[in-house]
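Consider the two complexes below, in which chain A is the common component and chain B and chain C are the respective partners.
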Partner chain A sequence: MAEYLTSIDFAGLFTADNIVFFILSAVILVCGFMSVASTKLLRAATYLFFTLFAVAGLYLTLSYEFIAAVQLSVYAGGILVLLIFAIMLVKNLGTDTETISYVNKTIAGLSALAGTVFAFITMSKFRFISSEGANDAAAKVDMEMVGQTLMGTDRYQYLLAFEAVSILLLACIVGSIVIATKSKED
Partner chain B sequence: MIPVEAYLVVSTLLFFIGVYGFLVRKNLIGILMAVELILNAVNINFVVFNRFLYPDHLEGYIYSLFVIVVAAAETAIAISIIINVYRKLKDVRVDSINELKN
Partner chain C sequence: MLEVGGILSWIHEALSSACPEWLTLLIEYVLIGVGFLALYALIALILILLERKICAYYQCRLGPMRAGFWGLLQPLADMFKILMKEIIPLLKNDKFLFFTALFLVIMGSLCTFGALEFSKDLIGIDFNVGVFYVLAISSLGVLGILLAGWSSNNKYTMIGAMRAGAQLVSYELSSGLSLLTIVILGGTMQLSGLIEAQSETWFLFQSPFTWIAMVIYLIAGHAETNRGPFDLPEAESELTAGYHIEYSGITFGLFYVGEYVNMFTIAGIGTMVFLGGWQPFHINAEWAAGFNGVMDMIPTWLWFFAKAFGLVMLSLWVRWSFPRLRIDQLLHLEWKILMPISLLNMLLMALWVTVLVPLFA
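Entry: the complex of A and B
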């Protein structure tokens, strides 16, 4: 990490790519932190929405358009709406403020900090060699390749996992209906 | 060009923000939201390693698609469990849900 920091070319730091990346990661980190620190749960869900949106933007900077679209439609469109439904359905949960004791905050913060430091130390021990032009806008992944990988049966292709996920989703639909249905004696 | 390490720093910080939320939240939906943050951090890692180290394969790409799908399934099930718990016990805070049988 130290070598990397000394090798930064500060004049070339303000390219469009870097500025976009900086803004996206700032949104991710600030809104992510606000979504765990906010005392009102409905606000936390809104901050989570911005975080998910910025993560989709991060995928776009890597020119993975399909996964950015999936992130937006499944996370921001599906999961978040489900979460907000649940918050609204539980009485007073959206407007109640949640008080957390300082002891809890300190312990949780210290353990998260320790984990961060540990992960950074581990990361600084490795040098990651990126292939040239990895985030070129020209190096797009075409949908045909994604489709072949998802539905093929050769090596490095994932038809079996795809079918297993479809069964998982079916089980999930049936299971959530069964769990959430009111039983007769209630 | 943005180095791999920059993405990894963002995903590490996002992961541990999620861990902090997971430890500090008291109600079940808040915990679920923290888990979403953790899964997103992991997804960023998969996609970035795929992009920078093996751009001509799609392992990380497909894996993060599956992670998104499993996260959706997990959230749907978790929310139906939370609604059921609320219906039975009238509360969704983890320190007041302490009975399995009622």
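Entry: the complex of A and C
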């Protein structure tokens, strides 16, 4: 751990990229914590939205524009709207949720601590690769490449997986229609 | 001469000769942000005047005539009035969500507005995934509207918000599908690339299926701005004003500004993907070289704004001509008419690009 900390170049930390990264990480951490800690359901969902939005910002700083747009449309735009629709069906939405028992709180705290320690150990064992090469690789990923990879049948191309997922989605759509349809007798 | 690119590069050179690189970038980012906000507010003011005048003419009235010549200063008067109004606090509501909702609506609207390309060299955001970005970021507004409706703690706002949610989520589909139809034709998702592909002929004249896509996009886009005949979320006669009824003063004003600028953004995106964006009108033939030359002399930002405001006029025309739809008619129109047509249209466009065009080329 100490060796890892001394290996960081603190003077070189305050570049424009890093400052943006720190701001985004602060938003992610604070909003992520608030979304768990908030006792009001809809507020928790809103904090979760800010977390997801800031993660999209992180992808943008890596110039992974496609993933950022996916993050926005799938999580922030899709899943969160669904979540809020679902929350609005809940009774007594404005009041605070039940308080959590101390046993649960202790277990949650311990597992969070374990996760943090695990992440730090992993970080000190396996270093991050230098960012220059990574940025070059990221810059080359454009829509065309994503499309070719999804639609190709060569090695490292995913047509079969893509089609399997689309059949799964189709099954979900048909299933949701069946569930939502009222039968004539009702 | 009349382009803005010269001024922009002059500012850039002046700044970089006087400041270090990071300061230049910082100042430029701030300037761009302020410029976008100013343009955002300006367009909202213009649209408010336009709406009031056009609405009046459709109803055989004169509209505002007192403030300034032909009522030209009316939006400024409105602006100062609404800025000075008191923001009335509600007693039992979630204040945090109440103002976050407003923030989300404005943020979604402004981020989409930033993707517009106003002229050849006045481009805010130009991602490789431009069209996808626009579709993704414009969905933030739904979240804001839902939160606004709930946190106002009022049954009318709640009904309005639920209607808005159903409407926006549905109509996003067909507007997205019609934009993707154009992506198939243009072969790129980058908005500047799409405009580049229209330098000789606009997409509208490149394929018959573009017309279908454009009509569907304009209907769906119109529905996404919550304006009549799709104004169920804020139907005055049923819900007083829908999801923003409890907002007062400038907070209410900002909802309106967001809605008006959304109308312009929808028109602007329609302009960029169907009508060539800032590209002048060209006839792709030998004999029309002189005509094309004359068209080129009109500055590109004028082309963009003229086309976009043309589409805005279309939207105003529709708004003041049709009666409001019922919620079942609204959903029927989207799910049983527009979406099947746009799916089929997308397939036909793919066939056009892969089979028909190579056949005749």
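The working rule: the second predicted complex is superposed on the first by the 151 of 186 C-alpha atoms of A that agree within 3 Å, B and C clash if a C-alpha of one lies under 4 Å from a C-alpha of the other, contacts with A are read in each partner's own complex, and residues count from 1 in each chain.
Going forward, a residue touches a chain if its C-beta (ideal position, glycine included) is under 8 Å from a C-beta of that chain, and two chains touch if they have at least 3 such contacts.
This one's a predicted model, so the numbers in the text were calculated from it and none came from an experiment.
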item: Simultaneous placement of chain C and chain B on chain A, clash or fit; value: fit
item: Residue contacts on chain A - larger count, chain B or chain C; value: B
item: Which of chain B and chain C A:16 touches, first, second, both or neither; value: second
item: Partner chain in contact with A:35 - chain B first, chain C second, else both or neither; value: first
item: First (chain B), second (chain C), both or neither touched by A:115; value: first
item: Which superposed partner A:49 touches (first chain B, second chain C, both, neither); value: second
item: Touching partner for A:85 - first (chain B), second (chain C), both, neither; value: both
item: Partner chain(s) touched by A:77 [first = chain B, second = chain C, both, neither]; value: second
item: Nearest Cα pair across chain B and chain C, whole Å; value: 14
item: Doubly contacted chain A residues - partners chain C and chain B; value: 70, 78, 85, 93
item: Chain A residues touching chain C - in the complex, by the definition given at the top; value: 16, 40, 42-43, 46, 49, 65-66, 68-70, 72-73, 76-78, 80-81, 84-85, 88, 93-94, 142-144
item: Chain A - residues contacting chain B, complex; value: 1, 4, 17-18, 21, 25, 28-29, 32-33, 35-37, 41, 44-45, 48, 51-52, 55, 58-59, 61-62, 64, 67, 70-71, 74-75, 78-79, 82-83, 85-87, 89-90, 93, 98, 100, 104-105, 107-109, 111-113, 115-116, 119-120, 123, 128-131, 133-135, 139, 141, 145-146, 149-150, 156, 158, 161, 165, 168-169, 172-173, 175-177, 179-180, 182, 186
item: Complex contact set, residues of chain C against chain A; value: 22, 25, 94, 96-97, 100, 127-129, 132-133, 135-137, 139-140, 142-143, 146-147, 150-151, 153, 162, 165, 169, 188-190
item: Of chain B, residues touching chain A in the complex; value: 1-10, 12-21, 23-27, 29-30, 32-34, 36-37, 40, 43-44, 47-48, 51-53, 55, 57-59, 61-62, 64-66, 68-73, 75-77, 79-84, 86-87, 92
